[in-house]
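Only one structure is covered here, and it is reproduced in the block below.
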Amino acid sequence: MFDTALTWNDLVFLGQGAAMTLAVTVVSVAAGTIMGFVFGVIRFQAGPVWSMPLMFFLDIFRSVPLLIQLVLGNALQSIAKLGWPPFTTSCVVLSLYTAAYCTEIVRGGIASVPVTTRRAARSLGMTWGQDMRYIVAPLATRVSLPAWIGLTLGVMKDSALVLWLGLIELLRASQILVTRLQEPLFILLICGAIYFIISFPIARFGGYLERRWSPHD
Amino acid sequence: MIEIENVHKSFGSLEVLKGINLNVDNGEVVTIIGGSGSGKSTLLTCINGLEPINAGRIRIDGTEVHAKTTDLNRLRQKVGIVFQQWNAFPHLTVLENVMLAPRKVLGLPKEKSEEIAVKQLTHVGLRDKLSVYPSRMSGGQQQRMAIARALAMSPEYMLFDEVTSALDPMLVGEVLDTLKMLAEEGMTMICVTHEMAFARDVSDRVAFFHQGVMAEIGVPDQIFGSPQRPETQEFLGSVR
Amino acid sequence: MFNYTFHWNQALRALPQMLDGALVTLQVAVLSMVIGLACAIALTVFRLSGNRVLSGFAAVWVEVARNTPALFQIYMAHFGLGNFGIHLSPYAALLAGIAFNNAGYLAENFRGALKAIPDTQTRAARSLGMTWLQAFHFIVLPQMLRIAYLPATNQMVWAILMTSLGVTVGMNTDLAGVTQELNARSFRTFEFFAIAAVIYYVIAKAVTLAARALAWRMFRY
Amino acid sequence: DKLDDIIGSGTLRCAVVLDFPPMGSRDASNNPVGFDVDYCNDLAKALGVTAEIVETPFPERIPALMSGRVDVGVASTSDTLERAKTVGMTIPYFAFEMAVTANEKSGVKSFEDMKGKVVGATAGTYEAIALEEQVKAWGEGEFRPYQTQADVFLALSQGQIDATVSTSTVAQANVKSGNFAGLSVVGKAPFDTDYVALFTNREEYGLINYLNLFINQQVRTGRYAELYEKWVGGEAPDLTVGGVYR
Amino acid sequence: MIEIENVHKSFGSLEVLKGINLNVDNGEVVTIIGGSGSGKSTLLTCINGLEPINAGRIRIDGTEVHAKTTDLNRLRQKVGIVFQQWNAFPHLTVLENVMLAPRKVLGLPKEKSEEIAVKQLTHVGLRDKLSVYPSRMSGGQQQRMAIARALAMSPEYMLFDEVTSALDPMLVGEVLDTLKMLAEEGMTMICVTHEMAFARDVSDRVAFFHQGVMAEIGVPDQIFGSPQRPETQEFLGSVR
């Protein structure tokens, strides 16, 4: 059906693009989740008033287009002469972006653990850390995991924007091939299909977990 | 021995405990009754240091609970507490629920803590539920598990806060029986309850709380038979 | 470490131009929400219709919208459709891309909201003698709107942020487009984008606050 | 200074735009090739170091320099006064004539025919700025900036825009490539010649001096003409402007 | 008069009603008791046409409920029903809840329907709650509101499906009192209930359902005093 000049080589090139998309996503989500975890705990412990400055800072990442954040982040690192390659810059910006959303997910997860359950843990002589680790963490994870999966997929899709900084991720790789081969529809469809293949099963899995864990247990 | 001396406690501007005095001897069972919001639960959470107090003093075996130097986590191993509901750790099986604290807090090896857990679960009649998750059990079974979990730390004192009031009427009996058993074994206990029959049966002394004050305390026959204070009379009248 | 001199003056002189861009941004976002809502309602009806073709169509739309990047969708609307000789102007392509995306997310949101309304509500309404339509109109819809409202306002904020992607398809009148053009001329990237970021932030916050105020008035129960 | 740093480090990192044939593009195995790529290699050879090609989209050229990710831009950058406020420009190393490329279906046969049509160009380039001004002056038609040269030609071949103004080299290269059916170069655009310069940090006079001399040497040794022949073909444009010192 | 003739009803392969026969005269109060899943709720939803039936016939004042030509929306105005829970429309105030159907279904003017609504709400003792949202009321008040809402359509028959079983024990009384009041006023009613004392007090006849069959029907004294069938005896034994 498709008479195409697309070669095996080009498919490998697309594959490399997809690998870059995944690499950016994995690094950013990992770093963003760690930060989000720390911020979320701070946010929960400090209460709404004391965590205001933190919330304001994080809110910026949710209220400014990612594209603008990336360009600004890149300009900033260049002004500061940090000499980061685009990969680093992209990951730093995306991590903060992830952290901003993750913080709320973590806070919500912690808040979903009933106070009495935590009191029960503390009154058995557990320390705050033990309570957090053995009781709050597993319970909050169940509540938060579906939202976290959604966030991860969101970041994966949003990571397409790092092409702006010159990173050859999946969408950019497709554009390069479109430039050379002039088969925009066909190549873009492949590109979309790859995104879909990565995203859809995970999204479904998230939905499954949500249904499975929604009340408790 | 638990010594409570002139304890005051406020939440913001609301004074919830207005100078409570109470000594509980070893082996004694004291029940606390009283209207909603009278400060019963608050007192229990102050006793094991989950809440700070504003004035007064609580000592357990001579150790002051709210002193800066007190290792609260240590102290709490001595004082078990069971609440009204959401006691169970829902992500752990019954056995794991009971084993967790002995392992992590006391640092016992796995086999030893499993042994303790099985023993206590057998004690409260849950021998056949070891690998079940709490959500698969009735509320009464969950409460008995919570009691076993507290007992697994070999506490010297037990505090119970309306452990039956979130339960179906049909399940109340099994939990109260467990408490009775503990009382008969000589455990020192403070029980907050709305079950008057239970209070009458089991207690050495019954304390009536009213608006943050311990309005009256005495042996069950006196409190239920001839209450002195009008508030007590009114409360008992409304309950029956 | 810094030997970059900021030229704020030059950037601030372009502020009126950027504010004009912000208006276009807001316009695209609002239109895309309106169109997206209309499509989402249609999609929801399709999904409930029990007709295989219609519900299949709706399912594909929703899944594609939710599982591919918005940037991809906008790029597709311009260059993908262009391949068929369907020519959308950058404005139209941007609008179509975001509306497509909005519709997918909103339809999913509506479905969740519908599921959250207990069946007994419709039953209670029907047993008072209401027709199916009356029960839907007076009982189900108002409750559904309340549940769907908060996620919908989030979607509105995302729509605003998504408009910035128009630059990839030749859009030069919205805030991001104007900013990018100014930047390309002068290479004063940081100054111009910083100002743009502030404007976006203000718009996003204003919309969120307005939505909250509206919710406060609308949902009294 | 930076010149020493480059020699010391043993690598010269050049910012090159790779969707701008024939100046920069990718071959069938997706490796960088083009006039700018060769030019960077020559410069590295002159410095006695190895060249590293850093692909930068148009908007990323300056941040890449500012952040020290590249040493020199060999990226067909027009030497506008506006930009010279931010970066240091050398003397011109190349000059573009502007050509009009049109989709045959549009009926555009000359620059004047573009009046009232939908036209486009690569955002922020010299020709884009001039063309946008022209569209405004005409008072009818529409101007669309795309972020890459490739998108401009894609839009043109799809008929989304009727015509574009681009550097004649790019126009020729794209039309010749055979990738785009129905496109032809229909004439010159009456814009001034677009002189493009190498650029580096504003304060690196030592390096800028070296680059100026290097450009001069490229012309003198005939390497400039040679590269022009290789990538574009024909008479290499004059890089000097009469009647003024530089 | 409600005439139920040999009604069969299946959900998929599960036969839930296996030939039910029952006539309810005007002014009569029939209670239905029986184990969970015996088909009690299903019968009620069939009576007002919310569920289709597979065989048999249900007539209300001679109109066949499941005939194609029957205007069900019309018919339902005659037959009010109140369910176990989530009866209240949470987005409307109490007054709006009750006014909605008279306005939209009967097409009455605003003043008229408000008048009716206030009258019925006063009747069930909610005169002072008119502008309150249901979420601010207790479960018992919500159920009374649901009753008022059904009454506002001036139905000739009322069906009640375990209207108290989702309520706190303390709130059951107020709702049952409302039902009693209706019964005394001569409303024709079918009540599904688990409250045996209520069934005994109020009913003219009590029907016992067992696995989709009406196993026994009779006056309360007979059913509660000398049940004939072993299933009935067992059921009543387990309830008390």
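Lettered A, B, C, D and E in written order, each chain numbered from 1.
Keep this in mind: a residue touches a chain if its C-beta (ideal position, glycine included) is under 8 Å from a C-beta of that chain, and two chains touch if they have at least 3 such contacts.
All figures in this text were calculated on a predicted structure; none of them were measured in a lab.
Asks: Among all the other chains, which ones are in touch with both chain A and chain D?
Replies: The common neighbours are C.
Asks: Show me the overlap between the contact partners of chain A and those of chain B.
Replies: The common neighbours do not exist; no chain touches both.
Asks: If you tally C-beta pairs in contact for every chain pair, which pair wins? Let me know.
Replies: The chain pair sharing the largest number of C-beta contacts is A-C.
Asks: Rotation angle for the CA superposition of chain B on chain E, to the nearest 5°?
Replies: Superposing the C-alpha atoms of chain B on chain E needs a rotation of 175 degrees.
Asks: Based on CA centres, what chain would you say lies at the far end from chain E?
Replies: D
Asks: If every chain is reduced to the average of its C-alpha atoms, which one ends up farthest from chain B?
Replies: The chain farthest from chain B, judged by C-alpha centres, is D.
Asks: How many angstrom lie between the centres of chain C and chain E, each centre taken as the mean Cα position?
Replies: Result: the chain centres lie 46 Å from each other.
Asks: Please compute the C-alpha centroid of chain D, do the same for chain E, then give the distance between them in whole Å.
Replies: Their C-alpha centroids are separated by 83 Å.
Asks: How far is the middle of chain A from the middle of chain E, if each middle is the mean of its Cα atoms, in Å?
Replies: 53
Asks: Using mean CA coordinates as chain centres, what's the gap between chain C and chain D in Å?
Replies: Taking the mean C-alpha position of each chain, the two centres sit 37 Å apart.
Asks: What parts of chain A, by residue number, touch at least two of the other chains?
Replies: Each of 71, 74-75, 79-81, 178, 184 in chain A touches at least two other chains.
Asks: Can you list every residue of chain C that touches 2 or more other chains, as numbers and ranges?
Replies: As it turns out, chain C has residues touching two or more other chains at 3-4, 79, 82-83, 167, 183, 189.
Asks: Can you name every chain pair that touches?
Replies: Chain-chain contacts present: A-B, A-C, A-D, C-D, C-E.
Asks: Taking the complex as given, what residues does chain D use to touch chain A?
Replies: 19, 25-26, 28-30, 54-57, 59-60, 62-69, 148, 150-151, 154, 157-158, 179-180
Asks: Along chain E, where are the residues that touch chain C in the complex?
Replies: Touch list, chain E to chain C: 45, 48, 50, 73-77, 79-81, 83, 85-87, 89-93, 100-101, 104-105, 133-135, 146, 149-150, 153.
Asks: What residues of chain A sit close enough to touch chain D in their complex?
Replies: My answer: residues 7, 9-10, 13, 71, 74-75, 77-86, 163-166, 168, 175-176, 178-182, 184.
Asks: Within their complex, state which residues of chain A touch chain B.
Replies: 114, 116-117, 119-127, 130, 134-135, 138-139, 142, 216-217
Asks: Across the complex, what residues on chain D touch chain C?
Replies: Contacts found on chain D: 58-59, 62-63, 66, 80, 82-83, 85-87, 120, 123-125, 128-129, 142-147, 151, 154-155, 158-160, 203.
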